[in-house]
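Quick heads-up: structures coming right below.
Consider the two complexes below, in which chain A is the common component and chain B and chain C are the respective partners.
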Partner chain A sequence: MDKSTIVCRCEEINIDEIESAIKMGAHTFDDIKRITRCGMGPCQAKICTTLVQRIISEYTDKPLSDIGPSRMRMPLKLTRIGVLAGNKESSSVISVFSESASKEGETKND
Partner chain B sequence: MTNQYDVVVIGSGVIGSSIAYHLSESKQKEILVIDKGFPLSGTSGSTQAWVWVHNKTPSWYGELSMYSAELYPFLERKIGDVEYKRTGGIAPFFNESDREKALRLAEKQAEVGIDIEVLNREQVLEKEPALSPTIAGATYSKIDGNVNPFRLVELYIKAAKRNGAEFSFYNPVIDIDKDNGNFTITTKEGVFYAKQLILAGGPWTKGLGELLGIDIPVKQVRGQIIVTEPLAPLIKHTIGGMRQADNGEILIGYSKEEVGYDRRTTLDVIQDTAKMAVDYLPDLARANIVRCFSGIRVMPHDGFPILGEIPEIDNAFIAVMHSGITLSPLVGTLMTELLTEGETSIDLKRLRFNRFNECNV
Partner chain C sequence: METDLLIIGGGPAGLNAAYEAASHGIETLVIEESFSMGGQLRQQTQVLDKLPKQFEKQRGTTLARTLIEKLSTLNVKVLLKHTMIGTYQDGRIGVSNGVKTIPITAKRIIVTTGAAEEASVFPGWTLPGVMTIGAAQILMNREYVQPGKNALVLGSNTFSLEIVKQFKEMGVTVRGIIESNSELISKHEKIIKSIKKDGIPLYLNSYIENATGVGEVQKVTLNHNGITEEMNIDLVCIGKGVAPILEPFEIMNCSFTYQIRLGGWVPQYSISMETSSPSAYIAGNAAGITSMGGILLTGQLAAVSVAESLGFLNEKLATEKRASLWKELHCIETTADLREVFNARMALIKDYHEEANLLPSSLFDLSLEEC
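After this line comes the complex of A and B, so read on.
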C-alpha cells in the first residue's frame, strides 16, 4: 500500500499521518486518534479500526491480538439531539418520506 | 538521555507543556517532561477549549485570564497554527431579573479593563441569529474565543523539543525524594535528578503531592461533552455552553460532578446537556450527535490557580488550575520568570500555595 492511502474515510487520514503519530510516541489507537483525528468522524472508527490496528502492529512488531481498539463512546451510532433532549416532536423513528427527502447518509443504511 | 536535568516537569498537559516550551525558549536549562500517559489522554484532550475571560470573577481573576488571552496571537506566531479564534463570547440569560447581575458584572470587570456589553434579546439575536428567541439577553465580550486543544498541546511539545527539551511518555512517577538540594525522581523507566521540580499533573497532582508528603488542596470534577456531526456554520461566537470548531462540529457541555477519577459518560447528564443545547439553539434538535466524552478537571478548593513555590520545599513548584487552556500562555510565561529570575512580572501573591495554610490559622 501507498503511504498516501486513506485509512480513515471520515477524516481523510492516510497511512503516513498515522505512522508519524507512532513515531512521535503514540502507542495506542486512542493516542493516534487524538493526534490525527483518525476515527473521530461520524462512523466512530467502524471502518478504520482494524486497519489502524494492523499499522500499529506492523510498526511496533507486536501481534495484532495485543493491539486494542479505540475507546467506544456513547451513543455508538448517530443520534439526534432532540431525541436525547426528550422533545416529543422528534424521535428516532422518522417517516419514510422525510428519510428519503433528506440526505442523512450514514443513518439510513443501517 | 542523561539523568541529570535543571528542571523536571511532571505532566505534559497544556500547563506542563506550556511551561516546558516557555522555559525552553531561553535554551539555558536542560528540561525533561515526564508523563504517566500520552499527551492529551487526560484533561487537556477532553475539553471544549474555550479561551474564556469575561465572566471570570472576581475581577482580578478575569484580569489574569485577559492577559493570557492577549498572549494567544503572539503564541500562535511562535509555535504555529493552534486554530485560536477570538470569536467573542456570549453568555445568555433567560430571565429579565438577571439583567441586574449582568450590569453589575460589566461594571466590576470594566475596572480592570474587560469590556462587557449587556445585550437585550434583539441585540443578541442580531449577533447570533440561531440562538433561541426565548432568551432575555446576554453578556458579551470581544475578548473571548477558543482554540484547538489537540493542536495547542502538540505544538507546545514540538516547539519545546525543537528548543532541546526532552519528553518521556508512558512513564509514571513512582517516587520523589529530595537530598543535597537535588530531587531524585524514580519512574517506571528509570531514575532522574533535577535541581528544580514542577508539579503540573492537573487532577493527578494530588497523587504527586503525596509522594512529596504534602496535601494539595484540589478536587476532581467531571465534565461531560456532546460532539455533533460536522454542521454548516451555525454559531459564530463562543457561547457559554458551546462552540463550533473549524471542521463544523459543535461541542456542547457545561456539567460539573464530583465523582473522583471516573471518566464515564452518563445518560442523565447527556440528556440534560442535550436539553441545554436545544434550549439555547432550537435548530440543534435536528443535529446528530457523533459521540459524547467526559474529562476529569482539577478544581482547587477555592477555585483559583495554585501557582508558584511549594512551601517548605526549596526549588519545588506547582502549577495547577481549572481553566488551564485559557491560562496556559500566561502560566508558562510566569513560571519561566519565576524559575529563571526568581520573581514574576505579575504579582502571584493571591495564587501562592501558602494561602491555604494562612486560612487555617
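After this line comes the complex of A and C, so read on.
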C-alpha cells in the first residue's frame, strides 16, 4: 500500500511515519504516539488505535494480543477547561487531573 | 450526587440492567452521553429475533421504547447529555454535562459503554463518502438521508449484509461486497441467500487498492484475485466489525485480556459480571461483542449480582437467577450462531476466576442439551 496513506486523520500521520517510528524501536501504540503525535487530535485515538496496532503487528510479525491496549487518560472526552476548573462548584475537580496535579495543588483544593 | 447504583450508558444493556436493579428496590442513576436513551437501538429498524424470553420479537426502535417505558414507574433517575470524564482518587465518578463536572458517589457501578466500529486503511479512506456501515445506518434510519447512490461495502459480517439489504430498499445500488478472506464472514444463511438472489456481486479474496475523487470519493480501484477493476462509486462503507469501548474501565483500573472472538481487548470479569475493579460491573457489548439477546441478558446478570452484593437479593435466589440467565444466554448465543462468542466468554471468565482465586462456578459446564 502507498506509504503516504493517512492513518491518524486528526494529526495527519501516515504509514511511513508510523513505520519509521517502529524502526526507531517503537513497539506499542503509546510509543508511536509519543514519537509522532498520532492519536493526539480531537478524536483522542478513537479511530486510529487499532489501525496502528495492526501496522505494528504486521511490521514486527507479532500477534495483536502481544501489542497491548493503549494507555487511556482523563478527561475521557473533549472537555472545556472551564468545566473542570472554572466555576466554584467544580473547583474540587482538580483531582480529575490527579496524574499531573502536584501534591500541594491537591491539598489546597481538597 | 449520591446513588446506590450508577449505570454508565443508557443503551439496551444499561436500560435492562436499570430495570432489573430498580425492580429489586435499588436506587438507580443512569448517565447517557447522547440526547436520548436507547443507544444503537435508535437506528435499528430491523426486526430483532432471539431476544430473551420476556421480550416479544420486535423492531430495534420499538425495543428502545419498550425498555425506556419499563423504567417509568421505577426509582430510576436518568441524566441525558452527561458523560463520564474520569474518576476521583476516592472512587467517585466525575461526570460532565458540558457546563460543570459533577462528582457521583455510587455504591456500585455498572459500565455498559458498548462498542465502537473499526476503521480500515486504504489510500483515500479519509475522503468524504467513505464511512463505517453503522454511520450509513444512522444516516438512513435516524436522519432520513440517503448516504449515496452507488456503494461498495468492505467487509461481509452479518451486520454489513443486513445494511446491504436495506440499501436496496432505500434505492442505493450496491456495486459489490468486498471481502479479503476466501469466504464470507457472516454465517447467516438466510441473509446470504437473499443477497445472492438479489444478484449483488461478492468479491472474495479482494481489497480496495485506492479510492480517489475531488472533494469526495468518485472512483474506487478494486483488486479482485490480482485483477484490478475501476468503478464509479460515491459511497464506501467499512464493515469491519466493532470493538469494546474501554476508556472507563482503564480509568477504573480494570484488568484486560485479549479475546479476538469478543472484539479484541476486553475487560476481565467474573461469572457475576464483576470486573477486577472494586464494585464495578460490566455488561453489553463492552463485555464482548454479541447479539441483542446477549446484550440484554448480560445487563440483567450484572444487575442481579449488584442486587445480591447490596443485600437486596439473598445469595440463594441470586445464584438461582444467575444460573437461569446464563442458561438462557448460552441458548441464545448458541442458536444465533455465536457459539464461538459464548465459548470465548466462558474461557475469559474461567481464566479470570483462576487468576483472581475466585471460586469456580458450576456454570462453566453448561452443556448444549439443556437448550
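Here is the rule we go by: the second predicted complex is superposed on the first by the 86 of 110 C-alpha atoms of A that agree within 3 Å, B and C clash if a C-alpha of one lies under 4 Å from a C-alpha of the other, contacts with A are read in each partner's own complex, and residues count from 1 in each chain.
In this text, a contact is a pair of C-beta atoms (placed from the backbone, for glycine too) under 8 Å apart; a residue touches a chain by one contact, two chains touch by 3 or more.
Model, not experiment: these values are computed from the prediction.
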| item | value |
| --- | --- |
| Clash or fit, chain B versus chain C on superposed chain A | fit |
| Chain A residues touched - chain C or chain B, whichever exceeds | C |
| First (chain B), second (chain C), both or neither touched by A:41 | first |
| Partner chain(s) touched by A:79 [first = chain B, second = chain C, both, neither] | both |
| Partner chain(s) touched by A:22 [first = chain B, second = chain C, both, neither] | neither |
| First, second, both or neither for A:2, with chain B first and chain C second | second |
| Shortest CA-CA distance between chain B and chain C [superposed frame, angstrom] | 5 |
| Set of chain A residues, in rising order, touched by both chain B and chain C | 73-75, 79-80, 84, 87, 89-90 |
| In the complex, chain A residues that touch chain C | 1-2, 4-7, 9, 15, 46-48, 50-51, 64-65, 69, 71-77, 79-80, 83-84, 87, 89-90, 92-93, 95-96, 98 |
| Residue numbers on chain C that touch chain A, as the complex places them | 33, 83-89, 94, 96, 98-103, 116, 118-123, 125-126, 210, 243, 246-248, 250-251, 256, 258, 260, 264-265 |
| Residues of chain B defined as touching chain A within the complex | 38-41, 45, 150, 154, 167, 169-170, 226, 228-230, 265, 267, 270-271, 274-275, 277-278, 284-293 |
| In the complex, chain A residues that touch chain B | 25-28, 30-31, 34-35, 37, 40-42, 44, 73-75, 78-82, 84-87, 89-90, 107 |
